[in-house]
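To keep things simple, chains are lettered A, B, C and D as they appear, and every chain counts its residues starting from 1.
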Amino acid sequence: MISREALRDLLDPEVPGRLGRLFRAWHFAAVFGGVAVAVATSMDAVWSSSARPWLIAFVVALSIAFAVLYGLRIVIAGDEQTAEGETAGAARLRYVRSPMGLVDLMACLPIALGFAVGAPTQQIMLLTVLWVFKLMRYSQGLAILGRVVRLEREPLMGVLLAFLIALFLAATLAHLLERDVQPDAFGTMPKALWWAITTLTTTGYGDAVPITAGGRMLAGLVMMCGILVFALWAGILATGFSEEVRRREFLRTYDLVHKVPFFHDLGTSLIAEVARLLKTREFPVGATVVRRGQAGDCMYFIASGEIEVRTDARPFHLHAGSFFGEIALLTGGPRTATAVASKHSMLLVLDIADFRELAARRPELTKAIQDEAVRRQQRGPGRGAAAD
Amino acid sequence: MISREALRDLLDPEVPGRLGRLFRAWHFAAVFGGVAVAVATSMDAVWSSSARPWLIAFVVALSIAFAVLYGLRIVIAGDEQTAEGETAGAARLRYVRSPMGLVDLMACLPIALGFAVGAPTQQIMLLTVLWVFKLMRYSQGLAILGRVVRLEREPLMGVLLAFLIALFLAATLAHLLERDVQPDAFGTMPKALWWAITTLTTTGYGDAVPITAGGRMLAGLVMMCGILVFALWAGILATGFSEEVRRREFLRTYDLVHKVPFFHDLGTSLIAEVARLLKTREFPVGATVVRRGQAGDCMYFIASGEIEVRTDARPFHLHAGSFFGEIALLTGGPRTATAVASKHSMLLVLDIADFRELAARRPELTKAIQDEAVRRQQRGPGRGAAAD
Amino acid sequence: MISREALRDLLDPEVPGRLGRLFRAWHFAAVFGGVAVAVATSMDAVWSSSARPWLIAFVVALSIAFAVLYGLRIVIAGDEQTAEGETAGAARLRYVRSPMGLVDLMACLPIALGFAVGAPTQQIMLLTVLWVFKLMRYSQGLAILGRVVRLEREPLMGVLLAFLIALFLAATLAHLLERDVQPDAFGTMPKALWWAITTLTTTGYGDAVPITAGGRMLAGLVMMCGILVFALWAGILATGFSEEVRRREFLRTYDLVHKVPFFHDLGTSLIAEVARLLKTREFPVGATVVRRGQAGDCMYFIASGEIEVRTDARPFHLHAGSFFGEIALLTGGPRTATAVASKHSMLLVLDIADFRELAARRPELTKAIQDEAVRRQQRGPGRGAAAD
Amino acid sequence: MISREALRDLLDPEVPGRLGRLFRAWHFAAVFGGVAVAVATSMDAVWSSSARPWLIAFVVALSIAFAVLYGLRIVIAGDEQTAEGETAGAARLRYVRSPMGLVDLMACLPIALGFAVGAPTQQIMLLTVLWVFKLMRYSQGLAILGRVVRLEREPLMGVLLAFLIALFLAATLAHLLERDVQPDAFGTMPKALWWAITTLTTTGYGDAVPITAGGRMLAGLVMMCGILVFALWAGILATGFSEEVRRREFLRTYDLVHKVPFFHDLGTSLIAEVARLLKTREFPVGATVVRRGQAGDCMYFIASGEIEVRTDARPFHLHAGSFFGEIALLTGGPRTATAVASKHSMLLVLDIADFRELAARRPELTKAIQDEAVRRQQRGPGRGAAAD
């Protein structure tokens, strides 16, 4: 048995480590396998083949695994945030009611219910499509999108309202203009609405096409409105997105910058400025961060992990709180050493463009970096900045 | 009978309150019900069923209700802005001529006229589609869109002109290239224009498709132009939209910030900076603003309403002019109390990312907030910041 | 005969005035009339009707008018920029070679040539479609678009290249996957390219549709690439557009700000800041700029023209260099007077949001405006700020 | 034989020069010729014509040429960055493994293999489509796009995930709703997925169209989701693109600004500010940069090359490090001289809008430019600023 601690780490999509990666690989494979089964079993040729029992067994096995996982997640959810005086039961209920809790439940319950009420097995197999929601857990991007759509709710609803008004007007006019000529395609409002939505979204199936002069002019207008609606939506989301991305990156970096001792000696206002410019980047064990002789276009601060620097002399290690790669930025020359992540590391990257702008505005930063570099060289390569 | 005051509040889409919400719910239901009737009655199966008299009665009743509402709105419009020396009659005329006045008139007059001239009842029912315009009253977003389109009128017209030039050129060339091979689809300019607009908007019904080599190359070019036009439109609107949203938010916040006493002691320049960063958010009675133990990612200033703070000690109330949630921002720890809106409240939210940037640039803000927090604690939890 | 001066003003699309507006209205009507004739005559029903001679006469008359206009434009082009030592002939040649010169030539020459070589009259009528290019002269927006596309040439070409690579790959793969099953639709590369472009632009005529499993997967990928190409294009243009609009507005305003005496007393740096915020707006004679009692959301500086201010006292006039509407901004109350343009005026508008931000950053601006307002009131309403 | 140096210059797409341009023209012609052959030979009419041997010979000859080029590139790749202690062999291997190395290999190897294994010649001809990748070498824009997509990977994947979830849900629901009515179009999940992707991307072939009321409502929703996905993608890319373009321009300019002696006397912080505003522009020999008497909307700094200035006096030359065109900006008048590139020149352009903003913020820049202009005039036109 693994400990509760280890289990929590294993199920957390953010925690690095070999076992976690294995689990996530299995999870992805299970989800895509399940969806593939849903697609395959819907074809009678596959369903009536000899593969049927294997496919059913595969789905049943995974459903049971997902049910067990759901149970485990409920158990460990009890450990979260009990510090706030919440009972373990309340914390568990919170997970059960959360969107991810519902997704995890939907991955096993409907299939079990299907078998329980004796639904046709071929239909039950289709329910594995619901597993696709489980991927949401791994997507940072989706969370950002969700927040953007929520923040820009009001203008998005405004566009939707404009869309609805255009839709109903277009359908009514098309109905009036075309119903006598094409009763099959425009004879009732539902039919006209079907034409209107295919046209307003510029999908254009071609199953309902106006043929009168008036109907075609209307259709032309409707298509152009469709493009406008589309463009408005894109414009709103572009605006919201750009702000949200900037906000996230700043917050994540601010937290990391606080862990880097080098920045402690600088003023708070410089930290905020640096945090706005730094980008975070992860490096797994063994990844080459910088290669000797390459052109240098950024410098690195170590937020967590360990970096091995390989020079002509004996290689040395840098730990969280150190920085490297500054020489290429200060001199403009190529990298003088190769740096490899000897542990899974989180680095903060300062781009050369940002470095130069910042250095011009805040000369004390360049000075601090130069002082540090000099101090490091005096101690000799064997000690390195790792001593900080 | 309700008073004129209460009536004005009831009909104002922005005023909160139970009766107002009930009225708006009824209004929405009426509009959607009316449109649903228009859709349903256009189908002969519904029209010849026994539901017919009920549907007619439904529409007639709502039309009368909308006519009464129109009358009431004219009456209360007389009370607006008489301060500027305008007579009540002039103010009423202004409402009648305004877009919303026309929409309100269109909701009842055409149906009455339809019955008056003895039009077929099934056709009259279609007029309820016009009710969909009434939703415009509730959409802030639509007003923003209108302003953006008006401000960006010039470049949008430029794209429209480019669109028209492309349209006519494409149609003429397609007419010349395809008319001998497909006289049915490209034999005249109107037919060629129909093809051109379906292609330029990338709708592609498929009822007219070039088959000569030249026609197909032309079509490929036209499709790419369509994408370009689309992209230009999206680009223009994105730009305009982003500016308008920023402007609105700033103005709304600036007015609210002026109501918060805490900001009075700060300089004007700091107020303007804070106003640029704050976001407004409404909380109905009973809504939980902050929950104890949660991670804190923003602080709140109360512009109007009342907030109940629940700590281990006796709960206390904060009124307009106070702030709360600053401790989580200053210490980085979880929320130390739960805050619930005990009245309908308008809060100003300062995001943690903005707070940190601002605090770095303007250290006096952090100091003012800290001083205030200390003062509050010295008076004991029972009194709280509500005394400010 | 009208003078050369007057003629130049008449033909300039930017110069205001009654005659100029009449000319432009005629120009627009002529262009749209010509295009309408091209559309109408392409239909045999119209062509074989008794309207034929009238339509021909209409086009011939307009073509002659356009030829005369072309000649006049060549003549007056000789007056332009001779200050730089250029001969009148060189200036004329420059016009003839310019895009608008070519458009003006294309409006008459091809039709004349058509009659000269004895082309079928119905075909000659189609050439009036070329007149649509003449509208380019009136569109500021189109000029902006042209500049943006030129500036963003490099990334746009990059996307185009990606588009071409995707197009050829998609066509080749579809050709390989589908040619045996559907030789009619995918049997040769030109046919496959036709399918690829209809799919990559998401037009989807439906005349060529893959039916093999591989072909359909490929098609799905191609459609998603199409959306990506589209999105890239929109992104690039949005970026370029936003910068270009800002640049134009700034330059236009900077020139006007220099004409306003009030700004002369302020420092240069404040002028540049104000110029970035001001928006230009034109008001024809008799237009109401501000109405008494309305909420005030901006103030106005007069760059050119004359404004009549109507208060309780005797109305007075403000001339170029004055400003008005500042009281509503300073006090937050409604407008205290009505302002009407007594001549065609160009005003600079300072939005309330921008005013507040600016006033916070540069308190000297508020002071200067207040001083000016006080001085104006001391002189009494009869004299007004017009004396400045 | 040409030297190794000259060969490297010839193959570098960025190095200017007559021979390099000739080589690039040949390269472009070869690629487009090859693709045209692939398209032509796929048509049996062409293949069975007498042109067949010529087409084959053309492709074989070019393939051999590309193979030779590939070999040459491997050889000269050995010279690159050996300074970093890398052996020539390692540098060569790096090229072979790089994307462009693979593209160069793909241009010759598959065709050779095709002949080797005795594939049908008509099929081998299709492989020339792969040559289209060779154009990637010439596109700066494509490199920018690649970087943007890489940087915005996370949110783009989020949208892709949302797209996949919508796709599978839509397909499953459509399958359930329509399979009994239209087993041919929706009977299996693969068929339903085909419908879903054509609809979600708004391509709308029209080969599978829902006909039940439920199916059509679903389709309407799916189309609107498609627009949303599209808009999200556009929004993300617009954001990323705008940042990347700004970064590139800054870096390129910063390097060039350092080569201009005039800027050495200014402070570092002013250099960074200027570098943010300058745009780079290339002028081939003989190109006119500025024409006397034109309105001046920018000034130029020479980063490399030579400019001939033609005034009333004897013409003089300006070399790298000088600037010109500042008089029109300082006085607002027209250009006082004509400037022509007497060598291939790289200029830095300072736009009038940026100049005015910068001059307001940093008066020392205007002063430095004025001093320089005065000094230049004192020395007389014959010496010019070239002496700096």
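Keep this in mind: contacts are C-beta pairs under 8 Å (C-beta built on N, C-alpha and C of every residue); 3 or more make two chains touch, one makes a residue touch a chain.
Please read these numbers as outputs of a predicted model, since none were measured by experiment.
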Q: Tell me whether subunit C and subunit D, two copies of the same sequence, contact each other through the same residue numbers or different ones, using over half shared as the line for same.
A: different
Q | Between subunit A and its twin subunit D, rotation from the CA superposition, multiple of 5 degrees | A | 90
**Q.** Selected pair, out of A-C, A-D or B-D, that shares over half of its residue contact pairs with A-B
**A.** A-D
Q | B-C compared against A-C, more contacting pairs | A | B-C
Q) When the C-alpha atoms of subunit B and subunit C are each averaged to a single point, how far apart are the two points in Å? A) 29
Q. If you average the Cα atoms of subunit A and of subunit C to get two centres, how far apart are those centres in Å?
A. 40
Q. Where does subunit A touch two or more other chains at once, residue-wise?
A. 190, 202-206, 230-231, 234-236, 238-239, 242
Q: Flag every residue of subunit C that touches subunit B in the complex, lowest number first.
A: 35, 38-40, 42-44, 126, 129, 132-133, 135-136, 139-145, 163, 190, 194, 197-198, 201-207, 229-230, 233-242, 245, 291-294, 334, 351-353, 356-357, 359-361, 363
**Q.** subunit B-touching residues of subunit A, taken from the complex the two chains share
**A.** 81, 83-86, 154-159, 161-162, 164-165, 168-169, 171-172, 175-176, 188-190, 192-193, 199, 202-206, 209, 213, 216, 219-220, 223-224, 226-228, 230-232, 234-236, 238-239, 242, 247, 250-251, 254, 268-269, 271-273, 275-276
Q | Contact footprint of subunit C on subunit A as seen in their complex | A | 202-206, 231, 234-235, 238
